[in-house]
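In what follows, chain A forms one complex with chain B and a second complex with chain C.
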Partner chain A sequence: MIDSTVVELSRWQFAVTALYHYLFVPLTLGLSFFIAAVETVYVTTGKAIYREMAEFWAKLFVVNMALGIATGLTMEFEFGTNWSFYSGFVGDIFGAPLAIEGLMAFFMESTFVGLMIFGWKRLSKVQHLLVTYLVAFGTNLSALWILIANSFMQDPAGAKFNPVTMRMELDSFSSLIFSHDAQAKFVHTSIAGYVTAAIFVTGISAYYMYRNRHMAMARRSFRMAALFGVLATAGVITLGDALGFVGGQAQPSKLAAMEAMWQTEPAPAAFNVIAWPSQEQKRNLFEVQVPYVLTPLLTHTMTQEIPGVDWIEADAAKRIANGIPAVAALKVLSKDPTNADALAQFNSHQQDLGYGFLVKRYAPDQDVEKATPADIQKAAGDAVPNVFAMFWSFRVMVGLGLAMLAYFVLAVIFSVRNDVENRKWFLRLAPWMIPIPFIANEFGWLTAEIGRQPWTVYGLLPTWMSASSHSVGYMVFSLIGFVTLYTVFIVIEMTLMVKFIRKGPSSHGHGDHAPPRPALGGRAAAVAMMRKED
Partner chain B sequence: MKTFLQFLIYMLLAVVAIVMGVILGDYGSWYFAWFVGTAMIVLVAAAGGAWMDAHDGTVDETEPAGH
Partner chain C sequence: MELYFGLKVLWWLVLGVLLMGLAIMVGMDMGVGTLLRFVGRDDNERRVCLNAIGPHWDGNQVWFILGGGAIFAAFPLIYATAFSGLYVVMLLLLWTMIVRPLGFEYRSKLPSATWRNAWDWALLVSGAVPMIIYGAAMGNMLQGVPFHFDWDMRSYYTGSFVSLLNPFAVLCGLLSLSLSIYMGGVMLMGRAGGAVAPRARKAAMGAAIAAIVLFTLGGIWVSFLPGFVLEHAPAPGLPQNPLQQQASVVAGGLLANYRSQPLLWAVPALGYAGMLLGLLAVRGRRSTLAWWLGAGAWIGVIGTVGAALFPFLMPSSSEPSQSLTLWNSVSSQTTLLWATGFAAVFVPLVVWYTSWAFWVMRGEVDAAAIQHDEHAY
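Our next item is the complex of A and B:
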């Protein structure tokens, strides 16, 4: 059996590298489409200011994208180096979307991003616009294929275990790419990227407006990003609800943990707004509830029962008992793949094969047939993820999402009234909002991934079986190496971003160092200033 | 004639979009929603920029066609 410290360190390493990588991804997803929107206005109106805007935001986009690629590449290798059993077990399925991502989406975005940056003088306006849209589609297609692969881990659709080859094999490619989890996750994640970009653009634009610099660009960018953001935030909240609905059906243990629901309650169940869950005592030490709200929120009905942790454990115990004969049959088949009795036994229990694996670590000599009821109960307890982490990471994400919606509603109102520049408090607040979507994205990722535990592939392959058998020293060394390297990457990113933002658009001088504000208030002042500067 | 052709093109696009929506049906309805939603977000943001310029009546900085 692989040392449990090595498994934990492998998990930490993947989590750390993924969290670093995921700092760069959402901005790339959203900024690409924002730039496309800016360039669309440039092509339709022909105003030079929009080209200047597109070039400026594209500069920041490229810095971010380059570091996103650098941090993402190592992660793909980690599957092979640190999760070799997992890679062998599901490589047939997991490899396909990752390969398509590399060959189609990544090549597409990488090729066209060069044209987008250097092609201004070589392409016509319409050709350049097309290139910008292709970059945006490419970056989002990258996310699509990665999330299809991830969704297979959450809700393994379109695959079948082959007892002869002892690995999962792809059964239906369309089931894989059209799985509800893949679709819901992609739309939620990519649109969360749009929100990230919108906050980033409004934050920097507000900074310029507060400093009375690059006003022409800042006002237009702010208006466009505010509209971009308010729609995207409404979308991300709606689609988050959809993802919760789909995820709840596919992963009831994730849902129970997310809501700190220890006991299955009769519908309609109460919603825990705030709680202090204790995994040891299997209850909430403190909770504030709103009655009747959870059931309609999660099931979109008033009658459907939501399984609590007690149900999850009881169900897992049953499934473990049913999965043990499948694992035992597999042992026979590994020596004699033609054994008909073993094959029949495997076929009648294969739906719980993963649960059979779950008890292996507790069974004497790792022989599942020797597992006692106490071992089964212990393994069933593992079927519940960390409730405290789940409950709070989910609430942080949702709370920040609602805060961003409020921010964008105000941003749109102020911008449409043309008095955003008079709201000094808002201009000061906006740059401080920039980290918020990044934090929300990270907590969203944590909710999704912690909620999948104890599985790497939900219900099929336990995490403790998936890792490679490295030494603890190797894992510690590589973990420190990654943290150091990625921290350097972040410092580089921040330095370049700050440098470019301070410099502003490589301008034709549009609105830079604008004249003192006229002694007019509200809309009249803003309109007067714009006329003067433009 | 130009307006009529534009109308035809947009109608064709709408028909393609509806047919895609029907064909994808239960399988890819959220992907389709993403496609439509993204287009809408981009266009509304773009309209916001154009709207600002139209309202302000700013000095025309229009570039000559091509560059």
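Our next item is the complex of A and C:
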């Protein structure tokens, strides 16, 4: 039995490292395409200002991406170091998209980002543009594979338990990669990255315009990013709705918690705009409702019933009772994989194996067969995620999304009318919008991941079983290590970002004025060329 | 069943190729990091060193990431057991590894000497420490690691942090560090020019000699180490888990494979040949040739470990019967088939565009141009 403190600390560590990593990913996803778009204008029009723009945003891109890469490294190994039972249990399925991500996407992104930064003078314009696009596609493909892996945890499609190897194994690769959750989530998440980049670019451009600096670049960047942003925000909201729809089908408990629905209501159910949910009392201490809205919102019908927390718990209790024989059979099979009786028993109960695991922590001696009805009831209560956290993290995300939509609509209107520069209040507001998409992204992650609790793999593997069997001391040590390092990192990163933004595009002394770098030449050639320029 | 057997062996080879690719490519960059402060005497020289690998370190680092991902996908039980068992070591590895991207990207972005010095040290530590850990991990695999499983395949590690840094493991770590310094030195010899090149050459020669000595010492030491023998297990082509086999520890067992298949001696011989001829090539200032010979040395050294352990991957010193072998820790046939398909398409593609990237950026780094390039490291 692993210590519950170890599990809690492992969860904290994962949350800290993932949330931190996720501060850098969305901007990388969006900014890469923005730079590619700017460079496309440069290549097609030949105007040097667009090259300067591309190089300026690329500089900020690289500062941001360095931390994305660094913290991504942690994520990849953290499954093995801190979630070793999980890794062994589903690595056969979960590992594949991670490895494919490295092979197909990350190699591409990382190899070409080197050329994107260093290759200006060694590649033709078109070659360089191609390289920039490959970086953008690489980062986005990366996200696709990671989200396919994540979606397996949300909606474990295409997997089957093998009692001989005692783990989940891949049954259908196509169900894994074409799961609805994966598709909806990929588009929702990557477009959220475009929104992030659009706000980032408009915010910084507005800062320049407010101070009347770098106007040529700022004006152009603002206009392009505003257009980019309004389309992307509309996309995020539409896809968020689709994600809620497929997520609701796959994870009714997440949905019930997100909407703070304690009781199953006859359709069409009422929508809680705001509420103060209490997990102990299983009700909302306070709520403001709009009647009839929830059902069409979530199911896109008027008649489909949405299960509330009461239904989730009753269903979990039923499934736990059915899962207990599966766990018991598995224990026999681990010693004797050929035992026909145990195999038959396992096969007829295996669809509830995960629910059997759910009660293990409460059962005397961790023997599920000794579980009392009270134990089962307790475990069934676990099947509902933290309603308060879910309800509010979801609303923060959606609320910020709507605020960003309003911001971009204004930005586009002002841009089209060509009078952004005169709206001082808007220019002053814009830089303050920069943190908004980052916060929304983080709350989106929290909604997805808290909503999956108590499972690491929904319905299959409880979180409390998934952690490695470490001591509390190790976990405290590593958590302190990560928090310290990451705090130092973010201070450094923010300092550099702010410094570069303050300096502006003029900070890179070359652009069109620098001495051309000889293709293969040595120091002498460059020196000679510099002299000539002087 | 035949297919599954073939796939298992294929992925054992792929794992080897990845570990070699990682050592050669990332190891080279780390060697440059380790040497940075010694071959670059002033800021400009250090920037030359960093820019020699500047366009490539990021791509090279993917070998490390892919190594982790491939172990997760193809050998999930190894991934789960080794990475949680070697916890503190893994943390050191991660903490030093995550400093590298920042070292490259941030070091030269501010003119302050204190700032740059601090990053130089960070790059030194994050070059040397991971390579020592890499070698030490292999040393531990050769000796076995104390771990066992529960009935549900939950793994427990029963050793300590200090026991992972035992003398033999440290020797392996130093060998790994030497080879990485050699590769970094050879790369700088070819691309840095100026005053850096002769210093890098000297460092590469020293590293080659150290590697030869360490590999020899390690070889002698290994012949006295106990090895593991699989006594009874399900057929290699069957799905299985580590609870279904019998294994024991035999004195001198790490040489058993070499005794039964004398042809295998060619593998350590390749390692020696790479190091010795590499030394000569460095003397003769043939940096490209020396690089390829260094790659050959790495292939020989890692191949030597693989051949000694086969079919074991991670033997258990406390419960030998629960050792992880190639047969019982590999993924299912379906996963291996899909992974093989992806690898068949993408590995050649990656090799192709990586080579293109090196070709585009070929030639000596231009010290003067760095001064005027805002993007240079």
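By definition in this document, the second predicted complex is superposed on the first by the 505 of 534 C-alpha atoms of A that agree within 3 Å, B and C clash if a C-alpha of one lies under 4 Å from a C-alpha of the other, contacts with A are read in each partner's own complex, and residues count from 1 in each chain.
One rule holds in what follows: a contact is a pair of C-beta atoms (placed from the backbone, for glycine too) under 8 Å apart; a residue touches a chain by one contact, two chains touch by 3 or more.
Owing to the predicted nature of the structure, the values given are computational and were not obtained by experimental measurement.
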item: When chain B and chain C are modelled together on chain A, clash or fit; value: fit
item: Touching partner for A:G235 - first (chain B), second (chain C), both, neither; value: first
item: Chain B versus chain C as contact partner of A:E369, first or second or both or neither; value: neither
item: Touched partner set for A:A96, first chain B, second chain C, both or neither; value: second
item: First, second, both or neither for A:A48, with chain B first and chain C second; value: first
item: Touching partner for A:T40 - first (chain B), second (chain C), both, neither; value: first
item: Partner with the higher number of touched chain A residues, chain C or chain B; value: C
item: Contacts of A:M224 with chain B and chain C, given as first, second, both or neither; value: first
item: Shortest CA-CA distance between chain B and chain C [superposed frame, angstrom]; value: 16
item: Set intersection of chain A contacts, chain C complex versus chain B complex; value: 120, 527, 530
item: Chain B residues touching chain A - in the complex, by the definition given at the top; value: 27-31, 33-34, 37-38, 40-53, 55-63, 65-67
item: In the complex with chain C, residue positions of chain A that touch it; value: 55, 58-59, 62-63, 65-67, 69-74, 76-77, 79-82, 84-96, 98-104, 106-108, 110-115, 117-120, 122-123, 162, 164-167, 169-171, 173, 330-331, 334-335, 337, 468-470, 474, 477-478, 481, 485, 489, 492, 496, 499-500, 507-510, 514-515, 517-523, 525-527, 530
item: Touching residues (chain side chain A, partner chain B) in the complex; value: 33-34, 36-38, 40-41, 44-51, 120-121, 124-125, 140, 174, 178, 180, 183-184, 186-187, 190-191, 194, 219-220, 223-228, 231-232, 235, 239, 242, 415, 418, 527, 530-531, 534
item: Residue ranges of chain C touching chain A (in the complex, touch as defined); value: 51, 54-59, 61-62, 64-66, 68-74, 76-77, 79-84, 87-88, 90-91, 94-95, 97-102, 104-106, 109-110, 151-157, 193-194, 239-241, 243-244, 331-332, 334-335, 338-339, 342-343, 346-347, 350, 353-354, 357, 360-364, 366-369, 372-376
